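The following blocks contain the structures, represented as structure tokens.
What follows is chain A paired twice: with chain B in the first complex and chain C in the second.
This part shows the complex of A and B:
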């Protein structure tokens, strides 16, 4: 019987296929979707953040082949900052996802109960519902390194020089987006106003009024608040800053949350916006990690940035910090469970055991770029603090030492509101299935 | 309580007359800007019975084109006519690709087609110009950026020169449009088409020429709107949202009336501001501008279902 070349050929092709498929199967991958918004009224502020997130992941894939032997698959689902679309994106991505990054407080609140059932951790760095800090109630939700209530406390501490009683008899206005995100600091500021004797004046800005805030600034002219705190996002920030300039409201009495501190918004007013401040948990600058991103992603033509100069923006670098937090969670989980291809439940453990110290940041080439913090079973935020940045006419610069929130006041409120949330969403799962170690 | 609601707001208006004047001015400027957006809707509806959902994105697209061309090194003086050329090409493309194949289709189909145009322009605009916030080339266009400080009644009223420019531009545009619609052959053709397509076609009016012209004029209005709104808070896709402010104006003024768009816009601009400052903020927690214009327009519609200036439809069965 002669040699059958056809059979041998088929066998060869088959064995090659088997070899290829087994090698493909062995290449570990971790799917990390991002519910992003690069379109719509909030695109201007969303794009730099998403670019930063994406470029950090791309850099790790290009430089290190991923994380711990697993390639990171960064996938964006466009929400346009619309809550309904955000929920659709969550549903669409959840089957493969190890995490959900909802990118809006409204979407976070919608998917929060679902993540308990689907067993997918929510990662909402610097946004979301402040009581998510209470890990004993919100086992699947994380909002490091600081919450909105931490931010409000830090801003009030800054404007009162660390003594809230000095605000007694003064008036503090909160110019906020009329949206779950904008309303988030209200319970804490109301409490602090009552305890410290200052008048609190919330001033909502509707989505359709973001670019024409004359009524809100006429109110500010009439009420003459001693300070205006801004909880704005997207086009609202630029609208408010131009109105503040027009109304000649003193810029040194105008402070924004970290989402209201985008260079692109301030460039609209330039010199006239000098003195405007924004609390931040990252400081823009030249860090070693930025060089790696430039080499492996931007110069390699894999970035979505319009120009390499955009790498210096506060928001782009914040996007990098956000991806770093996620990746550190992945690393912690890989180490604990001894597998490169972790699942969502393992990542939940990783995010609950983050320990981002100064040394870790230095190793990552990010020393001084963001605040060190650590999470635990009971603390899903880390409460790392932040710095005050000031617009000097051309860029944001750091103008304060590290500021910390007043945890003694915030924590009881967090506990109470977390319990209230669990009660109103009963039966809310307790942590008996996920006991604290 | 009754005193606080019914009397005190008026007392405040007289007690701080300079502040009241500022409220009136801000309301007037807002109203003129709303009227500008509404005009774009009216013009297209008048000639083709299409409710143009794409008017908002046309504002964004025209403003982005102007700023984009300038950022590519085109001087402002040349960027304006080039932007107008782009808007003309857009009008031609819309007529050729979208409207012409849909002639004689029900109104809802044409309305849906304008939603398609909106989605296309969002994607195309984003692809070409990016989604970031851009600074309007206010000074390069010769729009003054200072402010006049008046001191009536011992107080102060601030009038921004760019707001004054916006008002002047809007007045010029409206006067030009009224003259065009009422005194020129083309204008009469547009009105004839609005009254009866078949009759207009039977006397030799070219549907496609008029549609291109009308969409181009809507593009010019969109450009002016984009420049004046962009000068206030930058140029981004968020500008699209302001188109929704035109809806109560159209309800109030009627979909077919240029005068209705102007009077409705100014009335809503001033009234929503007065209501927000003297009643909304003290009693209702503010942000009443999002709903007050609709309630006001609905109240007017209860008594005049065709709007302030809309045509009364009498159908004999």
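This part shows the complex of A and C:
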């Protein structure tokens, strides 16, 4: 009687399957979804950011087997920056997710009230709206390391060499997307303009005219502002930069917010864009962490990047910083609650008690890549500051020391607007259920 | 066999003109209502409520509004989303000025605002027709969205420029805001949609419906038989915008919870026009079938690979999804250019004759 190979084979496969599934079930896992936008009108800027976020997490999984003994399950739900899809993705992911990363302002606004009820923290690094910094009101929302108002204040500090009164009598234009995101810095700049006696000129760019800004640049040519600050996103940035080159606006007087500093937009004009600046909370370069990502993810063929050169782009590296912030939150929560498999409420605590110092960054192989900051119960942003980057014709380079926002001016505004939001969304839950520790 | 009409005799004109000339139709509607009112609420998950059922109902309602104007009265409109916006902003203003107001009263009242705006933008229809009218309604689309952005009073001078929904309750049950249960919101939307559909069916079968259809088929002939075009066209604009406005209020208050002005921009108008066209112009049922195809199908397709265990990254899935839905739309339109409702009507006729076709 011969040995029954078929039966043996089946038994082997079965036992292997059982072993595999049981090992999967026993390992701790943390599910971190990302509401990505690799399609749609903003895909060009979305893809590098999403790639960076994904690759950092994949690197940790490959190099350390996850974080604190828990494997990270990074999942993308495609929204195409569309708010309807955002609702769908939020509902789809929320039962397992420890965090929601909504990406678009519209989705953030829709999701924000619901996160209080569903008890899921929102992580919106460098976006979301500025009053979210007030942790007393927005217990579940986080926008580290700096808010838009911080950014506006830092840009003004830079162009005035740290002395806002030197802007007296000058004219500052704000070329902005005519959308909640673009209008964000207006209340702060208006206030500073009044206090320091400079003229403030907001120039809106409608969503439909992003790619054709001739009217706006005609106005800039006529008004001759001393500085143009840009609050743009997606196709608007490339449109503005090409128009600026066409109208020969001096590039060294043209400064963008961090979402307006995408390499791809500047590559279109190359040398002619020399001198264009953008504030940023990450500096592109070669850091030890980038080498790890190259070995464990990109060279291993697990990255979605088109070519390894894209690893140097500002936005790809910013995606890495964003995932780093999330993972540090997870680590803090794991330490505090003594379990590898944390839940959403524990992660909320972790994000509220982030302490990313220079030493932590050095340990992560990211010294100098982003700004050190710490969050607390009252401060959900951290206000870590940033650097000015300048386009040198081929890439963005750091041209300033660390800039800091004028918190004394911004803080009362944040408090007032946060209270206003809570009032218009009444009854807004207070923090009595989430005491500060 | 299923649709056997043997033994169903009509002995009066009333019976011949009844809403359900065949008993089987009545049972079918009863079955659908049973499904919507009992089976779905018992079985649906929170995701199904939020991503499938509620949006399908709201989009169907908006398409129904547009269908009255375009399908029944023959006036092409590209401003549907803007009229939805008027309804949504009016509801928002009502609720912020009178916080104690019943949300349903607010929604039904704000329908009158969008009706008024609709009539105002419908005035050019008295002189222009077809594509030229479409351009005039396109002007409404651009102007109103611009107004939603610029007129800060409309959004209570919010820093975000968006409208946000506060919590409100009816008879002690929370119906809007983040704490409202999805099942409650579903029932609210379902009841409103049922009522408006019933109203629309009767209206389109009655005197006004006939007036609109006559205007649509040939306006000069309609005028010759004594139909006042001005009343016919403007009532169609008013009723259509009223329903569309209600749909806008429901969209923001019972589904999204917050809205930016550009939500009401032209892509939404097109989406609703597509629902009406693919569902079938000049039919009530078509709006529901169209909404299922355009709103629900992509959501279901998105879930499929995961449920079947096929690993696919979500951006590729999105591209595939757009391609599949696009191909289906074209396929349906080639198969039956008059829309899904006509498709259903043909099936029904065949079933009545089956198994003995002449």
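Criterion: the second predicted complex is superposed on the first by the 414 of 437 C-alpha atoms of A that agree within 3 Å, B and C clash if a C-alpha of one lies under 4 Å from a C-alpha of the other, contacts with A are read in each partner's own complex, and residues count from 1 in each chain.
We take it that a contact is a pair of C-beta atoms (placed from the backbone, for glycine too) under 8 Å apart; a residue touches a chain by one contact, two chains touch by 3 or more.
Note that this is a predicted model, so its numbers are computed, not measured.
Asker: Just from the overlay, do chain B and chain C fit on chain A, or is there a clash?
Answerer: clash
Asker: Would you sort A:210 into first (chain B), second (chain C), both or neither based on which partner it touches?
Answerer: first
Asker: One more residue to check, A:368. First (chain B), second (chain C), both or neither?
Answerer: neither
Asker: Return first, second, both or neither, reflecting whether A:268 touches chain B, chain C, both chains, or no partner chain.
Answerer: After superposing on A, A:268 lies in contact with chain B but is clear of chain C.
Asker: Mind working out whether A:288 is in touch with chain B, chain C, both or neither, as first, second, both or neither?
Answerer: Touch partners of A:288: none, neither chain B nor chain C.
Asker: May I ask you to decide whether A:179 touches chain B, chain C, both, or neither, giving the answer as first, second, both or neither?
Answerer: second
Asker: Examine A:39 and indicate which partner it touches, taking first as chain B and second as chain C; both and neither are also allowed.
Answerer: both
Asker: Does chain B (first) or chain C (second) touch A:340, or do both, or does neither?
Answerer: neither
Asker: Examine A:110 and indicate which partner it touches, taking first as chain B and second as chain C; both and neither are also allowed.
Answerer: In the superposition, A:110 contacts chain C only.
Asker: Please state which segment of chain B collides with chain C in the superposed model; the candidates are 150-158, 204-212 or 294-302.
Answerer: 294-302
Asker: Which parts of chain A are in contact with chain B and also with chain C?
Answerer: After superposing on chain A, chain A residues 38-39, 178, 207 contact both chain B and chain C.
Asker: With touch defined as at the start, can you tell me which chain C residues reach chain A in the complex?
Answerer: Going through chain C, the ones touching chain A are 46-47, 50-51, 55, 96, 149, 156, 158-162, 164-167, 177-179, 255-258, 260, 262-263, 265, 299, 302-303, 313-315, 317-319.
Asker: Please give the residue numbers of chain A that touch chain C in the complex, ascending.
Answerer: That would be residues 36, 38-39, 75-78, 80, 83-84, 87-88, 91-92, 105-106, 109-110, 112-114, 116-117, 129, 131, 178-180, 183-184, 187, 207, 304, 417, 420-421, 424-427 of chain A.
Asker: Where on chain B is chain A touching in the complex?
Answerer: 16, 19, 22-23, 26, 29-30, 33, 122, 126, 130-133, 135, 147, 158, 160, 229, 232-234, 236-242, 244-245, 272-273, 276-277, 280-281, 285-287, 289-290
Asker: Considering only the defined contacts, which chain A positions touch chain B in the complex?
Answerer: Per the touch definition, chain A meets chain B at residues 38-48, 178, 202-212, 214-216, 218-219, 221-222, 234-235, 238-239, 242, 246-248, 264-265, 267-268, 306.
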